[in-house]
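Across the two complexes that follow, subunit A remains constant while its partner is subunit B and subsequently subunit C.
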Partner chain A sequence: MLELSNLTLAEGRVAHLDDVTVSFRKGRLTTLLGRTGAGKTTLMRAIAGLAEPDRGRIALDGKDWSRLAPWQRPVAMVTQQFINYPHLSVLDNVAFPLVRRKVPQDKAHEAARDMLGRVGLGTMIDRRPSQLSGGQQQRVAIARALVKKAPVVLLDEPFVNLDYKLREGLREELVDLLKAERETIVIYASTDPREALQMGDDVILMAEGRAIQSGEPQNVYARPGTTRAAEVVSDPPINLIGMEVSGGQLRLDRLADLPAHALGRDLPAGRYTLGLRAHSIRQGGDLSARVSLTEVSGSETVTHLQAAGQALVMLERTVTNHALGTTITLSLDLGEALVFGAQGRLIEKEPVHG
Partner chain B sequence: MYRQKYIFLLPGLLVLVAIILFPLLFTIRVSFSSWDVYNPGLNWIGGENYARLWEDARYWEALTRLSVLTVGTVLLQYTLGFALALLVWRDIIARRFFRVLFLVPMMTTPVVMSVIWRTIFHESLGPLNPILDAIGIGAQPWLSQAGHAFAAVMIVEVWQWTPFMFLLLLAGLLSLPNEPFLAARIDGAGPIRTFLSVTFPMMGAISVGAILIRLIEASKLMETVYVLTSGGPGTSTETTSYYIYIRGMRDFQIGYSASLSLTYLIVMSVALTLIAKALIRLMVKDRT
Partner chain C sequence: MRTLYLALKYLAVLLWSAFVIFPFLWMISTSFKTANAVTGGAKWLPWLQFEPSLSGWQSLFGGVGGINILKPYANSAIVTLSGSAIALVLGTLAAYGLSRFTFKAGPLKNGDITFFFISQRIMPPIVLAIPFFLMLRFLGLLDTLPGLILIYVAMLMPIAVWVMVDFFNSVPRGLDEMAWMDGCTPVTTFLRVILPNALPGLVVAAMFCLIFGWNDFFFAFTMTFTEVQLLPVSIVALNSSVTPWWSLSAAAIVSVAPLAVLAFVVERFLSRGGLAGAVR
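This part shows the complex of A and B:
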C-alpha cells in the first residue's frame, strides 16, 4: 500500500497540497479527480520525487520514500505531454528504463518489443518519436512506463491532448493492459468525472490542494460529502440551489415553492442547499427559463439556462438544439436530489420520490 | 525578363570574383613561378615548387605539429567548455555573473592576450615560475624548451578559445527541450546516466558544429605562435601558417609560399571534410 500522510506543499502563499492524507491499494486503479489546479499533478510529482513537499511522508509498504531521489523511486509516470527521447528510436525509448537498470541490451530490447506489440506499435520500432502521430507518441510513453514493471504507475491525464475518439480507444486499451498488473498501484489523474467513474476502482476527489473525499466511484458519485465534492464529481455541473424548509414545505430561492414535498418532511426548518444533477431537470413543466447556451455532445444535449436569476444546467439524452434566448418550461425531479446542510455537508437520507 | 535577375546577382558575383576567385586563381598561377625578391614576375617553372615542398621536411613537420595542436586544443576546449556550460546551465548562485566571467578571455584581443601570457611565462620576470616554485613544482623553462613551449602555446589557445566553445554549448544546452530530462528522472536515470544518454546525444549536432568551427579557426593558428614563441625554440612551435608567413613575407619567396599555401588549403579541406563526416557519423544520431 502506498500511503501519503499530511503531505503539504506551498509556493509562497499558494498551497498546492494542503495536508493530504490518502492511501492507494495494490492491484487497484485509483483516480484522482479534480479540476485544473486542484493539486493532482503536484501530488503525482511529489510521489515521483519531482516536487519536494514541505511536510509529510510518502511510504510504500511502510518504507519511507521522503529521502529518495526521483531515480531511486520505483515509479513509472506518463504525463499530459507526449514525453519521449527525441534522439532515440521507438525501441530504444521503451528499452531505456531497463538499460538504465543494467538489464542486458538484448533482453531489454526483447521486453520493449513485446510491450510495443501490446500497445500496437510493433511495426514502428525503428522510427523516431517525431515520425509518429500524437496518439502513437503517447503509446510509446505508456509502453516505456509499463515495461519497467514499477510497483507504482502514475498516469497524469495521459490522454488529455488527444482527440475524443482516440482518447476513448486508448483508455480502453490502457485499462486492459493494467488489468494484467495485479500487484501494481495505478494512480490516474483526471478532470473528467465520467472517466473517473468508468475507469477507477477507487476515486479520490481533490480541490484546492486537498483530498476532500475518497471511496468507490459509485458511492462517491451517489453521496458526495460536500457541495464542493458534488461539484467535482458531477459532469455536467450539478445545480446547487439555495433552499428554505419550513413545516415540510420547500422554498427554492428565486425558483419555486413546493408545498409539502416528501424531501422536506424529515428536514428540520432552516436553510439548505439542494443539489440537483443536470439529468434531474426536464423540459416541460411550470418553471420557465431562458436558454443561454446549448452544447451537443454525442447523443446528449447540455443546456445552460437562466431562471429568475438562478443559473441551471439541464441534460437531455437526445440531440436538441434549443435556440439561444428562447424561453422553455422545466420541471425538477427531486427523486435523486441531494441536500446539503448549512456548512455544505451532505445530509444523508433515504431516496425519496414525490 | 529572367535576365534581370543577373543584374541583381552582379554585385555579389563581383565581390566573389575580386576577393576569392581571382586571388585563388592568381595564387595557383604564382605557385608555378619562381617569383621572389630578386626575380619578381610570373615566369613558368612547372612543378618545381611542388617538388621542393615535397622534400621540405620543415613544412611537413609544421603541418603535423599544427594537426596535433589543433586537435589537442579543440578537444580540451570542448571538454572544458562543456563542463563550464553544464556548470552554469541550471540554477546556481550568481549564474549570470559566471556566464559573463567565463566569456572574458574571448573578448580580449588575441595578440594582447598572447603578450600578457608571454609575460606570465617569462622565465625570470613572469609571475608563474615564482608561484610554481613556491608550491614545490619548481620553475619551468616555459619558452626555452621545445615541450614546454608547445604546452605554453596550447595553454594560451585553450584559455583564449574555451569561452567560445562554452558560449556555443551553453546556447545549445539552453535550447534543449525539458521533457526528455523529466522522462529520464522518472525512468530512474541518475545525473551521470542522464548526461550520457540524454544530454550528450542531444547535444550531438551543436557539438559537431562547435568543434568544426573551432577546428577551422584553430587550423589557421598563427598570432599566438608569432607573439609567444616566434615558432621557437628552433622550429619546435612553428605551425603551417607561420612557416608560410616566414617563406612568403620574410624570405619573399612568393612563388614557393603560394605552392605551400595551396597544398595547405587542399590538405586542410580534405582533412576537415573527413573529420566532419566522421564527427557527424559519431555524434549526430538524428540524421533523418
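This part shows the complex of A and C:
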C-alpha cells in the first residue's frame, strides 16, 4: 500500500497540494479525477520525487520515501508529453532503465523486445523515436515505464495529446497490460469523469489541491460527498439549485414551488442545495426555459438552458436539435436528486419516489 | 513570372558566390606571383596571366627572407586545440549547471552568473592584457605554451558557456526527469542522456572556440616574446618595408585551410538535424 499523509506543497500563496491524505492499493488502478490545476500532476510528481512537498509523508508498505531521491524510488511514470531518448533506438530506449539498473545488455534487450511486442511495436525496434507517430512514441514511453516492473506506475493523462480513436484503443491495451501486474499500484490521472469512472478500480476526486473524496467509482458517482465533488464527478455538469425547505414544502430558487414533495418530508426547515444530474431534467412540463446552447454528440443531446436566471443543463438520449433562443418546457425528476446541506455536504437519505 | 523569379534568384546566388569566392581565388593566384606580377598587373586576363613562381611558398618554409611556418603552426594547433577542449569541457559543465539548477548568491542568480561569463567578452582585450601579463609572470608561464593555453581557456570558455546554456535550455527538462525515473543520477543523466543529445550544440560551441582561438592575434602577440610563436604572429613577421603580398597570400591560405575544412565538416553535420523527437 502506498500511503500519502498530510502532503502539502505550496508555491508562494498558491497551494498545489493542500493536506492530502490518501492511500493506493496494490493490484488496483486508481484514477485521480479533477480539472486542470486540481493538483493531480503535482501529486504524481511528489510521489516520484520530482516535486518536494513542504510537509507530509509518502510511504510504501510503511517504508518512508521522504529521503529517497527520484532515481532511488521504485516508480515508473508516463507523462502527457511523449518523452523518449532521441539519441537511442526504440529498443535501447525501452532497455535503458534495465541497463541503468545493471541488468546485462542481452537480458535487458530480451525484456525490451518482449515488452515492445506487447505494445505492438515489435517491428519497429531499430527506429529512432523521431521516426514514429505520436501514438507509437507514447507506446514506447509506456513500454519503457512498464518494462522495469516498478511497484508504482504513474500515468499522468498519458493519452491526452492523442487523437480520439487512438486514445480509446491505447486505453484498452493499457488496461489489459496492467491487469497482468497483480502487485502493481497504478495511478492514472484524468480530467474526464467518464474515463476515470470506467477505468478506475478506485477513484480519488481532486479539487484545489485537495483530495475531496475517494472510493469505488459507482459509490463516488452515486454519492458525491460535497457539491464540489458532485461537480468534479459529473459530466455533463450537474445542476446545483438553491432550495428552501419549510414544512415539507420545497421552494427552488427562481424556478418552482413544489408543494409537499416527498423529498422535503424528512428535511428540517432551512436552506439546501439540490443536485440534479442532467438526465433528470426532461422536456415537457410546467417549467419554461430558453435554449442557450445545444451540443449534439452521436446519439445524445446536451442542452444548456436559462430559466429565470438559473442555468440548467439537460441531457437527452436522443438527437434533438433545439433552436437557439427558443423557449421549451421542462420537468424536473427528483427521484435521483442529491441534497446538500448548508456547508455543501451531502445529506444521506433513503431513495425517494414522487 | 515564375521563370523570371527563378532567374533573379539564380543571379543573386551567383553574385553572392562570386563575392565570397573571388577573394580566395585572388589569394591563391597572388601566392604564385612575383613582385612584378603583383604590381604590374595583367594585360588581358587578370589573376591568370602571369609567370607562376613558388617564391611566396618557399618563404614560408625557410626560404630567403622568409620564416619557417611549421613550428608556429604546430604551436597554434596545440594552443587552440587544448584551449578549446578545456574551455568546452568546463563550459559545458558550467552551462548544464546554470541551465538546470538554481544558484543564488545574495542578489545574484543564474542569469547574472551567465552574464558574468559573457561579460568577459564585452571588454576590449587590451583591458585584460595587463592583468593576464602580470598573472602569467607571477606563475612563470610567460612565453610558454601552457601560459597561452590558460589565457585561451579564459577567453574561450565564455563562448562555450553562452552557446551551451542556450542549448541546454532548449533541451526539455522532462528528459532529465525521465532519466531520473529510469535510475540515472544527475551525473549519469548528464553523461548518458543530455550530452549525447547536446552534440549539435557542442559542435557549434567547438567551432566558435576553434575559430576564435585560431584567429587570435592579440594575446598571441602580447604574451609571448621569443620562445613561443603562434601562427598569426609569425605571419605578421613576414611583413617588411615592401609588403610581400605573395608570401602573405600563401600564409593566409595555409592558415585559413583548417577552418575551411572545419566549416565544411560542421555544415554537413548540422544539416543532418539535431534533437528531433525528444518531446513532441
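Note that the second predicted complex is superposed on the first by the 354 of 354 C-alpha atoms of A that agree within 3 Å, B and C clash if a C-alpha of one lies under 4 Å from a C-alpha of the other, contacts with A are read in each partner's own complex, and residues count from 1 in each chain.
The rule is simple: contacts are C-beta pairs under 8 Å (C-beta built on N, C-alpha and C of every residue); 3 or more make two chains touch, one makes a residue touch a chain.
All values derive from a computational prediction rather than experimental measurement.
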Subunit B and subunit C placed together on subunit A: clash or fit? clash
- For A:6, select first, second, both or neither according to whether it touches subunit B, subunit C, the two together, or no partner. neither
| What is the contact status of A:327 with respect to subunit B (first) and subunit C (second): first, second, both, or neither? | neither
Of the two partner chains, subunit B (first) and subunit C (second), which one does A:161 touch, if any: first, second, both, or neither? second
Q) Of the two partner chains, subunit B (first) and subunit C (second), which one does A:137 touch, if any: first, second, both, or neither? A) second
Per the contact definition in the header, classify A:66: touching subunit B only (first), subunit C only (second), both, or neither. neither
For A:81 in the superposed arrangement: first (subunit B), second (subunit C), both or neither? both
Dual-contact residues of subunit A, meaning touching subunit B and subunit C, are 48-50, 69-71, 75-77, 79, 81, 83-87, 96-97, 100-101, 128, 131, 144-145, 148
In the complex, subunit A touches subunit B at residues 48-50, 69-73, 75-77, 79, 81, 83-88, 96-97, 99-101, 128, 131, 141, 144-145, 148
Contacts from subunit A onto subunit C in the complex sit at residues 48-50, 69-71, 75-77, 79, 81-87, 96-97, 100-101, 128-132, 134, 137, 144-145, 148, 161
Given the complex, residues on subunit C that touch subunit A span 172, 174-175, 177-185, 188, 192-193, 196-197, 199, 275-280
In the complex, the residues of subunit B that touch subunit A are 177, 179-180, 182-190, 193, 197-198, 201-202, 204, 285-286, 288
